[in-house]
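Below is one structure; the comments refer to it alone.
Chain IDs A, B and C follow the sequence of writing; residue 1 opens each chain.
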Amino acid sequence: MTAAVTTKPTAPAARRSERARLLVQPILVLFLVVGVLGWAFSRDLTATQKGSLNAANIATLTWQHVLITVVVVVIVVIVAVPLGILLTRPGFTKLAPVFIGIANIGQAAPAIGLLVLLFLATGTTGFWIGVLPIAFYSLLPVLRNTILGLQEVNPAVIDAGRGQGMTAGLVLRKVEFPLAVPYILAGLRTSLVLAVGTATLSFLVSAGGLGILIDTGYKLRDNVTLVVGAVLAVALALLVDWCGALAEEFLGPKGLR
Amino acid sequence: MQQLWDFVSARKQQLLTDSLLHVSAVVQSVVIATIVAVAIGILVYRSPAGSAIATALAGTILTIPSFALLGLLIPILGLGVAPTVTALVLYALLPIIRNTILGLASVDPAVTDAARGVGMSRTTVLSRIELPLAWPSILTGMRVSTQMLMGILAIAAYAKGPGLGNLIFSGLSRVGSPTAIPQALTGTVLIVILALVLDGVLAVVGRLTTSRGIRD
Amino acid sequence: MTDLDTPHTNGSTVSGVDIVLEDVVKSYPGQEKAAVDNVSMRIPAGEIVVLVGPSGCGKTTTMRMINRLIEPTSGKITIGGKDALSIDPDKLRRGIGYSIQQAGLFPHLTIAKNVGTVPGLIGWDKKKIADRTDEMLDLVGLEPGLYRERYPRQLSGGQQQRVGVARALAADPPVLLMDEPFGAVDPITRALLQDELMRLQSDLGKTIVFVTHDFNEAVKLGDRIAVLGNQSHIMQYDTPEAILAHPANDMVAGFIGADASLKQLTLTRVAEVELLDCPTAYEDGSVDDLRAAISPRKIKWGIVLDARDRPIRWVSLHHLATATSLHDLGDPIDEVMSTQSTLQDALEALLAESSASTIVTGLHGEYRGLITIDTLVAHLSAMREEHAHDDEDAEPQQDGASERGTPS
């Protein structure tokens, strides 16, 4: 789980190390996956173990995990970015602290608490019972960074835009938003990591995910399954973080890189 | 609502104990992490490469899902306090390392030059000038870490770790019973409240320990 | 070296020691040329020696080798006879005052704690430190009661600089290093601080090494100026008068700027030049006597003085032609110069009034004589003459790798 907000790295040494990480991380992921699976399958697995540790099951669980992550992030973007934009428009800025406060509580509350509560409250389990609390939990970074990114835009630039006859909407679309994108992407990366990490717990509400391997391994004192589940979860998290880093690096406006 | 209130008042003692355990585990972990992180920060802050590596490593740790890290530590460290505190300390590292490096690196070079120029040794400059000036930044890192750890610790209850997470997992396992929701709710809400209280306490500590000359 | 004009001390207190640099070199690995290439110079005790030169010439590097914030690659540095390179650097620095451009005050400490830094490091007891702190604050013009407990950010730039100087002087070091200390403040404050420094120096007599890129500042403050070129080569090391009158080469001349002669005028006071005489009379004096005194002269003017010998009016032959008494006769006097004014001030007054001469008064306002444009020109010529002869004498303290080129 990552900490609250990240701003974009700008110092030259930091950027160089970020670039190095872009190359190293996927290799690390590959190494972990191949390593742990190679280790697990080279052992004599009992029938129970084979029940969990087979290609089909692992693939399914991974897919579930990824799906939860992606849906969470989509929800977060759909909710937090427009909300962030709204809260920086004149007239609404006073509301910003309120929503940030709510999102703050969402982050301070333990993810597991949110999952369990929704489950208990609705009496149901399943995909959405996993996704919604995680989405609420992961809102803050994107919301906060959207607001921050828009606030950071040099007022002189906006002024120039209006001065050239752009409407407020055009200024937002063509000037403010592109300039805020690096911040938003940084927040998005944090959210992604939060989401994929918390999704490890979604098995508790029967929403699937790699966490179930850890749980099974723990309950059955089966260290092999436990380790496989944990390492794969870590690898997936690193992969997702890498995707976030790619987005940060390449989706931002070219002039700002 | 009434149910919740009954629940809480009936178990006041237990809740107090759990809260104390929760807070104390977090506080101790943050303290350990601060010592380690500040030491690392001091070692690397003057080298851009070193700083980048330290930050990247600590950052990678944060990417690891807490449940997975816990899972990996169980076979090695067993159950209970050991894997819990280890995981907490590891997670708390990044915000503090990053802020230590940031704080130390942003000390005005003219000030360190003057400090050396009047005859302070390197260690004296570090202890009397650079660290006090970086302190507000370090403290902010500690606050961020504390908030994070309050939430992560809840998961540790899965491996018989201490704290309020136990209430949440209790509620989970008692699904259907009337105490389920109150338990989970109390656990969650208490964690949130305590997190905010701790943050407030750290903020006050910050104000008290920061020289008036540099307070914002 | 020519006859020395007295250093800015009053001669009695010299608490500084001399500094000698011998063949000091600083080169950085990977760089072809040394940053400081073989500098040798002697900085006499109790004097302000200013190192001037363009940015990047190595003047700051040279100065920072004296207190070993930068370690020399080779060469010898002696302070007060002791080899600086064999003492522990931290200890060395506690015996050398250090004042820099941004003051470098410790923002988290009170002014008092800032000033008391070095005494604290040396190990003075609390009372001694407190007393000394107050003394230093007083010395730099900051009232101790008011400023002791404040923090740097509550002070203006000029005030911070003063604290920086107080801090540098707190442990009473014999040597003071100042790296463009007045560079970051506005011109008015800068002038004030410069005057303060000169006042302090006249009381304390420390050895001060002062780095600046502002030649005017060098002329104002320095007993001696070392004009440095690339790699800190000494182009010329001499008194300000000598350098202005006789720049060693084109580079020095270029650094001085086109108004070298004007700058020279700031170095001499009216008291040092010969004043012209003018017929004077008191108010109750005789009109005829004054007329008789004025008539044979070229300039047909006289001055009426009051009972305290202070000039009050100009009187011309024309006024005297039909006058019966000197009371209320003539034109009132606007501007006078004091003997303490510089020749540049005198020139300013002459130009401002478009007149050929200005009256000079002494310390109590009493009439002393006239100063004219001719006086100024004669003075400048004499200076050039005097320093032209320097070339022919031996230069015991003029060392340096480069030769002084003789201007054609």
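Simple rule for what comes next: a contact is a pair of C-beta atoms (placed from the backbone, for glycine too) under 8 Å apart; a residue touches a chain by one contact, two chains touch by 3 or more.
Values in this document were obtained by computation on a predicted structure and should not be read as measured data.
J.: Kindly work out which chain lies most centrally, taking the average of its C-alpha atoms as its position.
T.: Looking at where each chain's C-alpha mean falls, the closest to the middle is B.
J.: Between B-C and A-B, name the chain pair that shares the greater number of C-beta pairs in contact.
T.: Counting C-beta pairs in contact for B-C and A-B gives the edge to A-B.
J.: Tell me which chain's centre, taken as the mean of its C-alpha atoms, is farthest from chain C.
T.: Relative to chain C, the chain with the farthest C-alpha centre is A.
J.: For chain A and chain C, what's the span in angstrom between their mean Cα positions?
T.: Each chain reduced to its C-alpha mean, chain A and chain C end up 66 Å apart.
J.: How many angstrom lie between the CA centroids of chain B and chain C, rounded to a whole number?
T.: 58
J.: How many Å are there between the centre of chain A and the centre of chain B, using C-alpha atoms for each centre?
T.: Roughly 21 Å, centre to centre.
J.: Listing for chain C: what residues touch at least two other chains?
T.: Within chain C, no residue contacts more than one other chain.
J.: Across the complex, what residues on chain C touch chain B?
T.: 67, 69, 90-96, 98, 100-110, 117-118, 121, 151-153, 164, 167-168, 177
J.: Can you tell me which positions in chain B touch chain A when the two form their complex?
T.: 48-49, 51-53, 55-56, 59-60, 62-69, 71-72, 74-75, 91, 94-95, 144-145, 147-148, 150-155, 158-159, 165, 168-169, 171-172, 175, 180-181, 184-185, 187-188, 191-192, 195-196
J.: Per the contact definition, I'd like the list of chain A residues that touch chain B in the complex.
T.: For this pair, the touching residues of chain A are 1-4, 11-14, 16-17, 21, 105, 107-114, 116-117, 119-121, 193, 196-201, 204, 210-211, 214, 217-218, 223, 226-227, 229-231, 233-234, 237-238, 241.
J.: For chain B, which residues are in contact with chain C within the complex?
T.: 108, 110-111, 113-121, 124, 129, 132-133, 210-214
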